[in-house]
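Let me begin by handing over the structure; questions about it come next.
Note that the chains take the letters A, B and C in the order they are written out, and that residue 1 is the start of every chain.
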Amino acid sequence: MKNKNFKRLLSAVTIGMMTLGLLTGCSGGGAEEVKTDESGAIVIKFGIHVANPAEQESVTYNIVEAFNQANEGKYKVEFEAADTETHSKNMKLKAEDGTLPQIFWIEGSETSEYSEAGVLLDLTEFLDENADVKAALGGMEAAFKDDNGQFGLPYQCNVQGIFYNKELFDKAEVAYPTDETTYEEFIEMIGKLKESGITPLAIGSKNSAFAMWEFNEFLARYGWADNIENILNGSDKFNNKELTACFEKLQGMKDAGAFPENMATIEYFDAKQLFNEGHAAMFGTGQWDCGEFDENIGDKIGFWWGPRFTDTQSNQEIVMKVPSAPIGVSAAVADDENLKEGVYEFLKFYYGEEAAMISYKGSIFPATSYEGVTASGTQYSMNAMIEALANGWGSPEAAPDLTVSSAVQEALYDGIFGVLQGTYQPTEALDKIDAALANSQ
Amino acid sequence: MHWLSKKRYKIGLMIPTLLIYSIFIMLPIVVAARYSFTKYSGIGQAKFIGLKNYVRLFQDEIFWISFKNTMVMFVLAFVLLISLSFLIALLLNKRLKAVDFSKALIFSPAIIAPIIVGIIWVYILDPNIGIINNVLDAIGAEGLKQKWIGGDTLSPYSIAIIYFWQQLGYLVTIFIAGLKMIPGDVLEAVKIDGASAVQEVRYVIIPMMRTTMSTVAVLIITGVFKIFEIVQQTTGGGPNHLSETLVTYSYSMTFSSSDYGYGMSLAMVTFLLSLLITAIYSTVTKERER
Amino acid sequence: MVSKRKKTVQYILMVFITFMVVFPFLWMLVLSFKTNSEILSSPLSLPKTFNFDNYRHAMETLNFPRLYGNTIFVCVISLVAELVITFCSSFVLARMEFKNERMRKILYGFLIMGLSISPFILLFPVYKINVFFGFRGKIALIFPYIATSISFNTLLLVGYLKALPVEIDEAAVIDGCNIWDLMVRIILPMTKPVIATVVIFNVLYIWNEFPFASVMLRDVSDYTLSMGASFFKGTYTVDYGGIVASSVMIIIPELIFYGIFQKNIVEGMTAGAVKG
């Protein structure tokens, strides 16, 4: 009897295992070795943070297409595409099991996690071999360097600030903001715009609490770059004089009625729509929306860095032209000379002049700058940004929100939106960021 | 059925289920539980930190807010769902014309992709652009206008209502299947005895539906503790985590804040809480049966 | 006369409830004919022109035949496997004798416990388990789907199997049935309504499942229907029109499927009516 049970069990397990084996067999494919396509070209995988790159990251898509065409039969870059949230999860899982795509986009605040885990290739060698690329990057790459070397390169260059609709300003009889406009004047401006019956500054916080680009400028002008190191090493706190003053300004904007009443239930996309349709006078974002604004607002668009603050000693002459989140190269690439060569070829192309031209054409600032490569006359939004950049002011090495770890970054966003919505007092919000920092250590 | 209940039959019939379940559900839970005692970002080395995550959790204000919200949703959804889905099932079990069509329609919310559920309900509940407040405006009842979602109090109630709407069709279907299992001659006998409709329900149908009732109850309890997409799509847990549920909060900790260890400790607590309530429910109903 | 009035009240109730529940759904149909900016800026109005642009765009963006194909492939394999194994195990738990009654309770409780688990806890560990077994692509979804259905199916099947009178088994055995005959020829037909319910729920779960699909599938050629919506939502752009239209196209087969099986629940009962 006992024996029979055992036999039965054994056969059940065997059948189970056989089924497993069978299914595995069907799925085929070996480990992540170097793959080639039908034409014998080496396949390079590019992990990207949108599901449909042809439409959602068309500039990168076009660059990759151009590269593939130029290297037909030799190299072929293929996307591994998933929406941002899924992409972030997937990359972590693949870092764990060693199946990372050769090149992949990394969430800005997660870079240090990857770098510490040692899954990224040090690109110092690449930059040394390609002096022209290094020169074109012009220091943009510095944000992605740590003790483990050059672990990433900027995916693009982000220019962030406040876009405004000149037509709505004219209607409300408000002067356009300039580099000299102070915070007090800004509040006055908000009041007048509101009186004219429109939303002064569109912003949405549902599922998009990261949409706070205009406030990076606020943080930077309250000495973020000088203080952040001390805050992170514990000798200072987020709840300090400078940042309290900064968060009080956010509160002041809320009190002046700058934002849509339903900002908690609308998303970044909805807020942008308010601006596109002329229901809101200003919208904080970066260059990625230029194409959309050209279509909807045309030459009525203006661009502004944000107000000057008079209650701080920190430098006010700061613009926000910063590297976006980086792309990294899987460390495993180093194991195969041919593959590595291919990846280097692609990076050379991606940071080359032709790619920069493709980029400008698609209204995206590339991480590189090449002389004579710029936007065309009908790219109004892009030109508004280029005009604003002409003041020659310096920019921080990285956007403030990308200088902290994910947990702190989340708390920072929470804090900012908490103050904007009136759920937190400024110091309360800053205390919460401090708490998140303490918890993450 | 003694002679059929041989041990080898039992083992043979149970093994596949137990094997797959153990590997793909229980093993992952054990793994997750282990991570809840560590500091781990999702990649690299997990660092063992003992009970620290759990200590932090009980001091975490947002945890308590999510806990409260989850309980609000639980009570509201439970009461509404169990009573109304039963009554609707009784109605739809009648021989009415087009009743199948109506069943399919009532079921339809359950299969709409969550992202669409979000979009639809935002347009209903949004304080500015939503239908409800606009209608209230139009009929001159401005006083009744509320921040149905996005404010700091009503969101969990609204989310419970959306959940109710979404689950209704599911539970009605289960109840109908249960009603169909009641032998027709029993009901006929009751009719012949001259029982009223209320009596029929009270003394015949409800007692015969005990298993179905508890099935539905267990589904609601465990379901409420898994509400995720509706929250993500209507309020995203905001403003400032005020409408967060236990699941959404642990999700946001795990993935947005890259705090896998802490996220898993939140998830474990949620899991245990849901088990506890289910256990309490089944003990209480068992006792009543006696 | 009284009964007629009662019928009328019942009809009114039915129509009212149906309308309340289905209103948001109908509205979604309306939304699918509006342009993206119409959806965002004037959500309550009717579409200006009745156009199929969203559908055309959805068809161009998504490879529907492949998405349907993949989903049906995963769905059919998982469904058959999970129905067979959970019917067997539920039969044991509901109708067989245990020397130790506590053992039955423990096993039942163990299997039901899974209901309390939200799927995202499982994501990372299950991914690693799949890697360990070498499951890739669509295959990687099958075992997680089977596993997640076990708790639900056990809850429903055990409940209903228990409700069937013991005399059936006794009669069957006296007639000389073996266990296989009893399960397949006698009990199975009687549980048709609940099997139909389980099939509906299992299929719809798989049809709409996103978390596992998004993490396990890496090749576009393996994508299932639930991944469709992500094609319309980028980091900085969203195409609500496309999302709505593609959802409608995903939902319609589900509704038809539900209609068919819902009928089965009713017919199943007349065919295998339990005569005590």
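FYI, a residue touches a chain if its C-beta (ideal position, glycine included) is under 8 Å from a C-beta of that chain, and two chains touch if they have at least 3 such contacts.
What you see is a predicted model; the values in this text were computed from it and never measured.
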Top-ranked pair of chains - ranking by C-beta pairs in contact: B-C
Chain whose mean Cα position lies farthest from chain C: A
Mean-CA-position distance for chain C and chain B (Å): 15
Interchain centroid distance [CA atoms averaged], chain A/chain C, Å: 38
Residue list for chain A, restricted to those that touch at least two other chains: 89, 96
In chain C, residues with contacts to at least two other chains: 124, 128, 233
Per-residue overlap in chain B, given as positions that touch at least 2 other chains: 16, 42, 129
Of chain C, residues touching chain A in the complex: 37, 40-41, 61, 123-124, 127-128, 131, 133-140, 142, 214-215, 218, 220, 227, 230-238
Of chain B, residues touching chain C in the complex: 1-5, 9-10, 13-14, 16-18, 20-21, 23-25, 27-29, 31-32, 42, 88, 91-92, 94, 96-97, 99-100, 102-117, 119-121, 123-124, 129, 131, 134, 165, 168-170, 173-174, 176-177, 180-181, 183-185, 211-212, 214-215, 218-219, 222, 225-226, 228, 247, 251, 254, 260, 264, 267, 270-271, 274-275, 278
Sites on chain A touched by chain B in the complex: 1, 4-5, 8-9, 12-13, 16, 85, 88-89, 92, 95-96, 109-110, 113-114, 116-119, 205-209, 260-262, 264-266, 405-407, 410-411, 414, 417-418, 421, 423-424, 436, 439-440
Chain B - residues contacting chain A, complex: 7-8, 11-12, 15-16, 19, 41-45, 56, 122, 125-129, 149-152, 232-236, 238-242, 252, 255-259, 262
Of chain A, residues touching chain C in the complex: 20, 23-24, 26-27, 29, 49-52, 55-57, 80-84, 86, 89-90, 93, 96-97, 267-270, 273-274, 276-277, 279, 285, 288-289, 292
